[in-house]
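In what comes next, subunit A is part of two complexes: it sits with subunit B in the first one and with subunit C in the second one.
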Partner chain A sequence: MKARNVAIVFRKELTDTLRDRRTLISSLLLPLLLFPLLLAGVLGLTIIFVQRAERQTAQLVLLGEEHAPELARRIRSLEGVSVLRASNQYVQLINEKKLQAAVEFPPGLEINLRQNADQTQRVKVYWYEGELRSRFMLRRLQKVVKEYRDEIVKVRLAAHQLTAADARPFEFEQKNVAEAEKVTGNVLGFILPYFIIILCLTGAMYPAMDLTAGEKERGTMETILASPAGRGEIVLGKFLVVLLTSLTTTALSILSFAVTVIAGASALASISKEFVVQVSARSAATVFVVVLPLAVAFSAALMAISLIARNYREAQGYLAPLMFVVILPAMGSFLPGIELNAKLAMVPILNVSLLAKEIFAGQYSWKMMGMIFGWTCLYAAVALWFAARQFRREEVLFRT
Partner chain B sequence: MIEAQKLCKEFQDKKRGKIRAVDQVSFRCQPGQIYGLLGANGAGKTTTLRMLATILKPTVGTAVVGGFDVVREPDQVRAHVGFLSTATALYGRLTAQEMVEYFGRLYGMEDGTLKKRVGEIFGRLGMEEFRDRRCDKLSTGMKQKVSIARTLVHDPPVMIFDEPTLGLDVMTARTIVGFIRECREQGKTVIFSTHVMSEAEKLCDTIGIIHDGKLLAEGTLEELRQRYQRPDLEEIFVHVVEAAA
Partner chain C sequence: MVYRKELLDLLRDRRTLVGIFLWPLVLFPLMTVGFGQIEKKVAQRAAKRDASIMLLGAEHAPELAARLQKTEGLTVAPASEDYVRQINDKKLQAAVEIPAGFQDAILSGQASPKVSIYFYNTEGRSEQAVDRIEKTIEEYRAEVIARRLGARGVTPKLLEPVVAKPENVATAEKAGGIKLGTLLPYFIILLCLMSALQPAIDLTAGEKERGTMETILASSVGRGELVMGKFLLVLSFSLFNTMLSISSFAVTMRFARDYSAEMTRGFAYTIQPKAMLLVFLTVLPLAVLFSATLLTVALFAKSFKEGQSYTGYVMLAAIFPAIVSMLPGIELNAGLALVPIVNVSLIARELFTGSYHWNYIGLVFAVTAVYAAASLWLAMKMFQRESVLFRS
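== the complex of A and B ==
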């Protein structure tokens, strides 16, 4: 095999690929825009829905209002709340989202409270979980009711010459000791490996189809086979372009994700102050190294399968089921409680997904990483051998 | 020179089982001559020529092309052959010059020599005007010129043409026919397949009639006329094929 010929084929195929609009969109533009668009889309929509829900007047009914005139007055004074006439149909109305909540006061609530009745009184709130406006209404009601209850407790404590500390002798505090990166890593570890694996596959998909089935369809296969370049040289040159595209897509997706996360950090922090977004460059680089043999396996397998097809469309038909074969194990990182072990380290794609999750969480072992890297290299070698074999099979090359 | 020695090619078909597309085909073509393989569609012309160009491997038999064996030295054979067919399309996203240079590099040409050679060919074929235009933007005639330039770039001693005028308009077909004649005048060994009788009559020094994978008759046009007592090549062809059926 002549390295010069491999380089010539590689250079030509790269030029050709960079001039293919489909490849540019799927391999370069999509990974660059996916995360910013996802984040902007999700955050934008959330903000729009929250603001709209906050702006809209909430409808409420008070059941047994005569038993709690003071509490009812406080609820009625809430801004943006409209109290409707009490109706027995309140459950149905809440279900139909015509009503956001119903508050039910027990008989003689405030009289009992003033008389220090022994029995705890129960104020019930009916609401609709999953509806944003109903949830907002519930929160506001909880605040009003809590304030009212605290006032009563305060009066009662004073009557017994007790302080607030007597009623609440100790606090139960939680303190998270995990580093910010690991907290973020745990969260990101669920989603990021999946996206990286899928983009690694889709990045290779279009050039793999274009340089094999596309070549057959355009009638250039015979042209290149008639050249002095050997079959091995041709397949290696093509493979290197597919691999480069796949790795570029992966690198761009990681880069795009990092930029998106930094840009969106303040927005995420507004959702939860404990959510500090921090991913180290080392984690990202380690994941990239782990994904490397997987990209080799994907590129070679996609080429070998696409080569069977007579044209681009047929190749798409063959590769569509492959997407599902990859998606399922790639989703391994979503599953909570799965721990990597020697057996799982052998399962292609799932092993990389779980390892990437652990790397982002900063909890990986070098031994496991070595095992998974080794297994993935083995699968990559098999895929590459298969692709090279396909390129030597006349019935595949000249299938019409 | 081209010398085919009992070339056979079998394919496996899912429905029909094993098919012998080329069966014991032997012939010889000398430098400065055009050998025409005449046959109907599916006769085995393309398979024979693909074996000579080492795109397909013979099941049995071999051939010596330009002094190299197609089975043992396929790389050397390809380096000394120019192969042109209607199936050898161009890379649409490359320019005419990039296309020809790509193949020149694969033929092992150094940059300086290649530039000079490409300049010569482009000048001779009148391709200067569209040298930087992408192949998918070229007319059929222009595309054929780029294909010719591609086969000529390394100045091969052997030229293989597989139905090169199929589907082309009269003017473009004439360019190709003229180019094939030029190759003979330059002393190249030329083999050419067609099912167009008039083309074979005009061009070929030797004609081989191939049918069902077998070479049924061979000779100069005059020899065939005398042997089969028919003045017209089409009549000869039909007679030979029917006699074999």
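== the complex of A and C ==
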């Protein structure tokens, strides 16, 4: 096998692939634009609509207002709330979203507050669970009641010569001590490994079909086989193109994803200040190294399978089920609480998915990494050997 | 006749059949049930596992420390300096720091000391440990308060004069429907489109590729009849496949009760036959629109492969408006009712949550029907043009 011949095949196939406008669009432009567009679009629209729902005037009814004039006054003075005339049909009105909430004061609420200190008064707030505007209304009502309660408690404590501090013997608070990188990685680690693996596969799919079944369909397979380049060299050249496309697609998609996330982080920062987005270059590089043999395995396997097909369309039919076989183990990163062990490290795809998740979360267990890298390399070698063997079999190459 | 011929052709194709039946009927339920089961099992195992925590300055608060040690699901590890490192390495789930003089402050009631709980934000087990710790601490605090107030002859009830109790009045169907109603319209619309994809390409670009387009055009049937036959086939594929998927989904949800209960957060959820029927009715013109559009677009392609990439763009264009049902806070209005796909997505959501706005249903149906008619007319027109039919 000569490296020069491999390089010639590689160059020829690469020019072929790049000349195809459609390949370029689907492998470069789409992932670059689709991710940010989809993410930004959905996120932006959500923020706009949520904000609009917050600004909209909420409709409310007060039931038994005469029992709690003071509390009712406070609710009425809320901004952006219009209190409608009390009606018994509030349940139906809430269900029709004509009313966001109804507040029911129990009889004698404020009299009881003054006279029976050992009784808790229950104000019922009827709402539509799951409906956005109703939820906003409920939250505001709860805040009003809480403020009212705090004032009453203050007065009551003072009456017994107690202070507010007596009712709060001590405080406690949560403090995050994980590094920002780890927190980000933990969130990203759920989805990113899945996307990376799927992208690796779909990125290899198109060229793998085009360079094997597509070649048969166009009738150029015989021509290339008759060239002075050996079978092994042809396979290797083709394989390298497939691998390159797969890796480029993946890298570009991840890059565009990262840019979107970082750009969106400013939008997120306004929602939760604690969430600091920080992805370390080290973990990204490590993941890339781990994914490399997997991309090799995918590229080789896809080529070996689509070579059996007589034409492009048939190849698609063969590869579609393969997609499924890959999706399931790739989803491993979605599962919370699965930890890697020696046995799981042997399961292809699942092992890479789980390992990538750990790496994103900033956990580097070198032993596991070595093991998984080794296993994946082994699978990749088998796939490559299989692909090379397929190319030597005439009955596969010239199947009719 | 055209319809029968094309149907026979398609059914002979083994892959199409597999695509229709295997996908929705076997794989979808398998995946949801399987994934749900695994998730449940893993979550249960995680919940059962003890969290390892550290008490820093336990000597300052013997009472609280004793309670934390007794708390179920928490194992107290000996205190050490490198707790931050250990939490970062997930060897420790949380650490509780009690300030010096805690017990004295509580007894004297002078100062209000602060207990810190160190944890790993977003890490499931760590957050669970914090929940357990906080519950114990809060119980302890309530007891301290009761003791204090008791010493002055006051009941702790004094501190809870009034509470606001939320009560959900939305019918169970609505509360559950709001969850599914956000997802289901999106899936239905996409399924409608995807199932029309394959036959639409096959009957136009595929026909060109196989070189049989001329043959069929030369037959005694007219162009219009030909288009109608092809179109009806694509439409019935799309509808049939969508219905299969939806019913398989419904069956899956019924079998996987625990899973569905989790998804709807414990709400009894039933899809009303009336809602289902109405959704089907509004989707019908949309399916017509999709089938006709795909046929037209695919007709431009010279080969199957090219057809795929053209229809891929249609797919992308349809995904964006279909996603709308998943956005919170967006409500159907007269303006939105005119936007294709968006209107169906939103009306389907309303129907699933059990609100029947008849005027909107009528409007959306009419608007979509107009679009469908236009697209069908376009498909007819394209089949008349030789330049499109024999493009090369």
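Heads up, the rule we're going with is that the second predicted complex is superposed on the first by the 382 of 400 C-alpha atoms of A that agree within 3 Å, B and C clash if a C-alpha of one lies under 4 Å from a C-alpha of the other, contacts with A are read in each partner's own complex, and residues count from 1 in each chain.
Assume contacts are C-beta pairs under 8 Å (C-beta built on N, C-alpha and C of every residue); 3 or more make two chains touch, one makes a residue touch a chain.
What you see is a predicted model; the values in this text were computed from it and never measured.
Overlay on subunit A: subunit B and subunit C fit together in the combined arrangement. In the superposed pair of complexes, A:Lys12 makes contact with subunit B only, with no contact to subunit C.
Seen from the Cα centre of subunit A, subunit B and subunit C lie 100° apart once the structures are superposed, a value rounded to the nearest 10. In the superposition on chain A, A:Val42 makes contact with subunit C only, not with subunit B.
In the superposition on chain A, contact of A:Glu66 is made with neither subunit B nor subunit C. The larger set of touched subunit A residues comes from C, when the choice is between subunit B and subunit C.
Of the two partner chains placed around the shared chain by superposition, subunit C is the only one that A:Ala167 touches, whereas subunit B remains out of contact.
In the superposed pair of complexes, A:Glu147 makes contact with neither subunit B nor subunit C. By the touch criterion defined above, A:Gln363 reaches subunit C but does not reach subunit B. Distance between subunit B and subunit C in the overlay is 10 Å (nearest C-alpha pair, rounded to whole angstrom). Looking at the complex, you find that subunit A touches subunit B at residues 4-5, 8-9, 12, 15-16, 19-20, 218-220, 222-223, 225-230, 394-395, 398.
Against subunit A, in their complex, subunit B makes its touches with residues 11-12, 50, 53, 55-57, 75, 78-79, 81, 83, 85, 87-94, 98, 102-103, 105-108, 150.
Those residues of subunit C that touch subunit A in the complex are listed here as 15, 18-19, 27, 31, 35, 38-39, 42-43, 45-46, 83-84, 87-90, 95, 102, 105-106, 109, 112-126, 130, 134, 137, 141, 144-145, 148-149, 152, 154-155, 157-171, 174-175, 178-179, 206, 304-306, 309, 312, 316, 320, 323, 326-330, 354-355.
Subunit A contributes residues 22, 25-26, 34, 38, 41-42, 45-46, 49-50, 52-53, 71, 90-91, 94-97, 102, 109, 113, 117-133, 138, 141-142, 145-146, 148-149, 152-153, 156-157, 160-162, 165-179, 182-183, 186-187, 214, 274, 312-314, 317, 320, 324, 328, 331, 335-338, 361-363 to its touches with subunit C in the complex.
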